């Protein structure tokens, strides 16, 4: 029951139709108008929020949520397309207070804003292909960055979205970033089942594009020979769980982003052991504890310019939404790293 | 854990800000731009889909899905805000075939199209109040009706959305409709806990506005004295479950909409007994079976100009999404009534 | 994981102790003091509630909840011991309104009061045996009936409690009653696995004791040869589900209780098909719908002097507590039959 | 997560191996030895059980369970491969008594025996293809029928198994049977996604083979144009749910099997509404109630020579196994029809 | 669906009634009689159990369970009111043996006794306000302590109960105690949403009252600025999870209670990471492992005079009751610390 | 709902029958034929697989799965009888890749083969007693070991199966092995509730038989006085969780099997904390993390000649089958230790 089946079928409809009676030109004009309207909606919200923040004053950087409900580049389950609204709900849910662990006040509007979701399903349902869709994601990210002091904190969606997001961040800032990538998998395969935009290939695309200087992968415990070879080829620093007890000290005192445009943090919720985050598509036992992740994030030194939290799959969560709370706390603590 | 808590908090932010340093004018201009962009996005998708349908030809009326993910006017739980994407997923899910029970082919693009969701949460999060929000819903419905041969089939959301939807349908067609309303509750209270837009009051607003000639309520089994008095006041035909075995024959041979602008069908998923539809906010035992509902719908005579399926709450569904399948089949069978 | 395992073990402790060093007399005195204190607590609550009702005036009969959290006489699962607080929660839960289907206002304190639970586990844990425990249940019921205008509406617990409850009702009123008994099973076996107080034997005890004139059993679909023979022996009117479509008309126009002390209604939640009430210990497909039960109850003529709702097992309910809502609605509609 | 993925992958291993270094002959000899051993195991158990029954005497026909844990011919989910042990557990589970509704004693060994499962996964894992696998199923059924007075009552598995089972029954008895087929779907498509053994095609195979004279399909509510055309082509009597209220009387007084070799009953658990049987792969609302099914079965006149209960999917059942109990009760009541 | 909604509504009834026709005096007399009966029931059980223990001889201190099913002072969910019977069930459940990890035999009646629950809901339902209710809790604790060698081990309920319990312990012993408090939250706010008895304020009340000399808080990871300031104001030793890896050694070798009346241990189940204890109202990732908690408890030196296990919420537990088993093991290991 | 209830009842049937009319001889002959056929089926599959492996060449040792679906020797729940097919499904499930953590390729047929399940239930259902059944398990293991290069990796079933498995391994190899036993319980009681084949006694049987030289037990946290005494009596090295932080270093550098016939690894899934493996019969908080287990296994030096993974109970697993994935990963990583 893929989350985007409707879109998938419509693409066929649209193709069939256009093959039959509608000119390609007319179709593409229609699609472009839909895409433009989508970006306009994000732009107007970013503008409004940023104006308000600037009126308040005293903010240097402020985390701004942008949802990318895209699940169709997953190899196994497509539920992450449903994640953004569930994460937002959990962020503001009354079961916890409004402070982060180190004392940032989320109730202060200068700390966290939101520009809503890129209308991914609506665009796909108009027959727009993946190349162009990935560009829409990139454009959306840039639209947010356009508005000072907003910095994009992206809610996935599957991990395929990290490629267009990091590309946009790097292009907008004018150079590569350092990436801290927490994940059970390296997501660095050349292509997965022929899909170059697969959620298992995003970091191959990022490294090929030169959007990152250093790439540190932490939490890895499902990796093939090709995954290790690609890691070497791109100079990736892969920290596997097998040796985490030895690497822990180093990982709890990272310093990143100097000499480049800053730090990007990409958190795949499955970096956590499934005991801590059961609501993921790929259950891979032997992962990090939630505290392990916080220890790494809290102690990281560097200017965090953007980030993402991806691969939370609400269709696999417990009935009480434990993983939604986990994803939300990750977003909250990342917000504390970004906003200042 | 209300589905729209984020929005709720932001409204306060926005008010605080505007009270402090931002002029009301500037804020309203920003909100208007966001609303305009939202409507533009729906318009562009409706245009594109309708153009394609018209190019195909031979269609007199075609059901067009419009999601309204609004849950904050509910008195108990707000999960219906998450329903539209789950219903879409279930409509196209591979577990069933593409024919309706009476043989309509949903794979034929002339039968069913989709213009996506009204970005309710994004608009609320900009501080837009309910009056204006309800207008946005109405405008969205009219935008769809603008494009021949599209007819709106709205995915809720809670039942408060039926008011702006029916209002739009009636205003656009230029006169009242007949309404078949399947529900456990009459939703006709003057106001609920002071909220005139409450999901328990939508049909009071509809009747006051003169948007309906006849209103038939079927499945009723949770009704107070006020509910029965309001029913009498507005001339509502209330069929309570207590007497369903006697009313069944009449309800399985309805003829509606003659002399007015057509028939509107509003299906609250909780019209069904919770055995058949556990994923609802208000579990009220003693309801209709799914077959009872189909027998009423299949045998209804009349020109169905629009409809809605509301109050499915995915946060209360079974782990297999049984109620999502139920909501989806309701949408499929309503599509068969609308499209021709 | 029996709900009363703690009690079971303590009984052994107490026996061992008393065998060893404590005189039987001393032990029994202690037990008696505990039992007296238990009954005093119920009496004081009944008195206070009844005083308030009488001060209000105009009440002829008022349903009064009495919980009997006893599960250890069940043959399969003992979860019904946890039911009473869950049913109370569901009765007052904000998801439904305060009117019964026929218009009784539960918010009116004259309609429904509550004297809490018999402290079954506490008493058993002091080493009190079943004979004496059953007497405590009977005494508790009589204590409630002592206070005009209270009529006991008992929340089980398993079905073994109907014996001491009906016995108390009959003894207090001074003669037999007619019983409407809704159940998947006849519960009329001479003894089950040697336990004469078994939940499968309560109606054998009732008939032997002469506490009932007529006993109508409806919903029966799990019955052995012995069950049918016992039925004949005691003159029970057994309506099996196999012939329900033929018996329906008769059962929807019952007139009971004339010439005796009134009508007692005992509802085993498993009379319903498990589709409507999954939270029961004995899943027996092929039962009544919730509407079938309401049709029988609403149309019953007779003076209902007391009743019970038993065998709801919260440990088998859905995560949303659907069966708790079902049990609560049964209690609400029975309240409407009793109070006047 | 297909229930037979292991087998699927091994088939590839075996093919690759055999392509490489192992002669086809050697491989086929090995496979044949495995198949022979499998059939021997069933034969020995059938022999032992039948000997014991014959020693007891007085039995004319006795239902004998045969599990066929095959799920790989399903189009959507493959969980039915896990069903047979779960159904057995539920049949003997202590939560219900040992009598069927009409008084057959299942504790009497003359009424119900069991020869275990065909080792489907083990055989497939040796690289055996579907043609041959279907023959193994047929041979297993014949092996049971070989032993008087055993009559096969087959536990699926998906619906694809009905073809080899009915074929075996008909071939063994020397002529066609009449089939009562309860299902949401007609399963009569020529082939499904190219698979002629698909669970959606079994009854096309049966009718083509001449194994049935009359085929009555009851509960149908998901059927395409092709399904109806195939129905006509083969002279199938299709009773759709749309008209069930009209057909009910006729279906509750069926007389079948006269002039042919007897009656075969095939019950797809999804003939029931998902409210009554949520544990199925294809949730199709609007089905029969459990009582509807029992009314049809109890009133059927005819000599039932064999039957099956298929498509129960334990991976979609409720946590309490409600559908397992439903499947088990179907088996119990079918046993009562067969044994005499 | 608050666990005490019934009580809440009744309070209104009682107030309305008393306003109208019943004298305040009469009402208060009735309430007092109910409270007296409640305390008598606890006293009689404590007496009986203590007599038996003393007859056995050789016991210096013995843990005695006292349930306090109070959930209405919670800010978010009120399910902890249902916890005590579930914890008792799990303590004696057959899935584990009767020894604690360090070898205490729970089957020895000298090690663990039980005086049942304070009838919180029954008392509230009579219109008794929180001030008086808290006194009833205190009196119940003192009643247990009256009977040598019983020491109270309290089963919550929400954390608001720790205030009246500690107060009673301190008053009864005649001086302050040292408190080891395991929790995700400091529960030391001056008042929460205006409620001075809130479960978020209990330790503010305790410190103000001078009932504790040292207060050590371990597991803290959701704390606001006010929480830290209150901590300083009262001289609380707050150990936050952020620094747990550094504090671990110190916390695994605590020595408490010297020079005061002993040690009190208060365990909020949410001190554990939700992976280990999902059944809590406030899911706060990043907590202690179960082994972390045991290491702290096993190595603690001091005379433990009383304790509590609070905030287990059965309505959020897994279907198998994992958190019930966790709460039960906490009770078992605390029992081993107390009894000697 | 015991997993083998059917079998249990049949045993009674068979006994009754044989007592009555069938000679013991005839019955035993029938049983022997069934047992022979069962072993033949395993032998033929082992032969075929081993032939193929030998044809491929270059394999010294290859893990070969053998399922033993036996649950009736459990003291609490019997669900482990359903485990083998669920573990197989999870091993090959598409959610993870085919490499083990240290790079073994499971897609290489030389690394992992499968001979299916011992038909335990079928044999028991023929009235075969436990003594003989245990011999069948032993014979099955030897049958696998007969075929070079296969080494048995057994899928339980409850822990009682380790006794016949280890016995077979030791007898076949001609001497004792060293055993690494990961478990929450020592399983070394003389007998449990009179059952010498209990899952709580298997290691007592193994030590008595001299099948092991060293026995290391890791993860122990539920142990009685008898358990510790039996440990001493047999010279078992018991590592309790209470001291795991101190023992960790030693356990992460084990060297076993020198001077004996090799190493046997027995993994009871409940060695893990229930947070990591909720799907077990005995929830015992305070266990190992999944990474702890992998660290011990990865660093173990020794020739692993066979192993088992037992006590996974699918009836207690999460709806997503998290524990199935955990059991499968244990099997995968053990495969990597065995195959070379």
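Some notes on this structure:
Read from first to last, the chains carry the letters A, B, C, D, E and F; within each, the first residue is number 1.
Note that in this section a residue touches a chain if its C-beta (ideal position, glycine included) is under 8 Å from a C-beta of that chain, and two chains touch if they have at least 3 such contacts.
Source: prediction; values computed, not measured.
Between chain B and chain D, the least number of touch steps comes to 1.
Here E-F and D-F were compared by C-beta pairs in contact; the pair with more is D-F. Chain A and chain F touch with mostly distinct residues; of the residue numbers seen at this interface, under half occur in both copies. One finds 47 Å separating the Cα centroids of chain C and chain F. A straight line joining the Cα centres of chain A and chain E is 42 Å long. Separating the centre of chain A from that of chain C, both taken as means of CA atoms, is a distance of 56 Å. Among all residues of chain F, those that touch two or more other chains are 94-95, 273, 275, 289, 318-319, 321. Chain contacts here follow an irregular pattern that is not a line, a ring, a star or a complete set. Every pair of chains meeting the touch criterion is listed here: A-B, A-E, A-F, B-C, B-D, C-D, C-E, D-F, E-F. Residues of chain E touching chain C in their complex: 1-6, 8-10, 13-14, 16-18, 20-22, 26-27, 30-31, 33-34, 36-38, 40-41, 43-45, 47-49, 51-52, 55-56, 69, 81-82, 85-86, 88-95, 107, 109, 114-117, 119, 121-122, 125-126, 319, 321. Residues of chain A touching chain E in their complex: 94-99, 101-103, 105, 273, 275-276, 289-291, 294-295, 298, 318, 320-322, 325-326, 329.
Per the touch definition, chain D reaches chain B in the complex via residues 75-77, 221-225, 240-242, 244-245, 273-275, 278, 281-287, 289, 316, 318.
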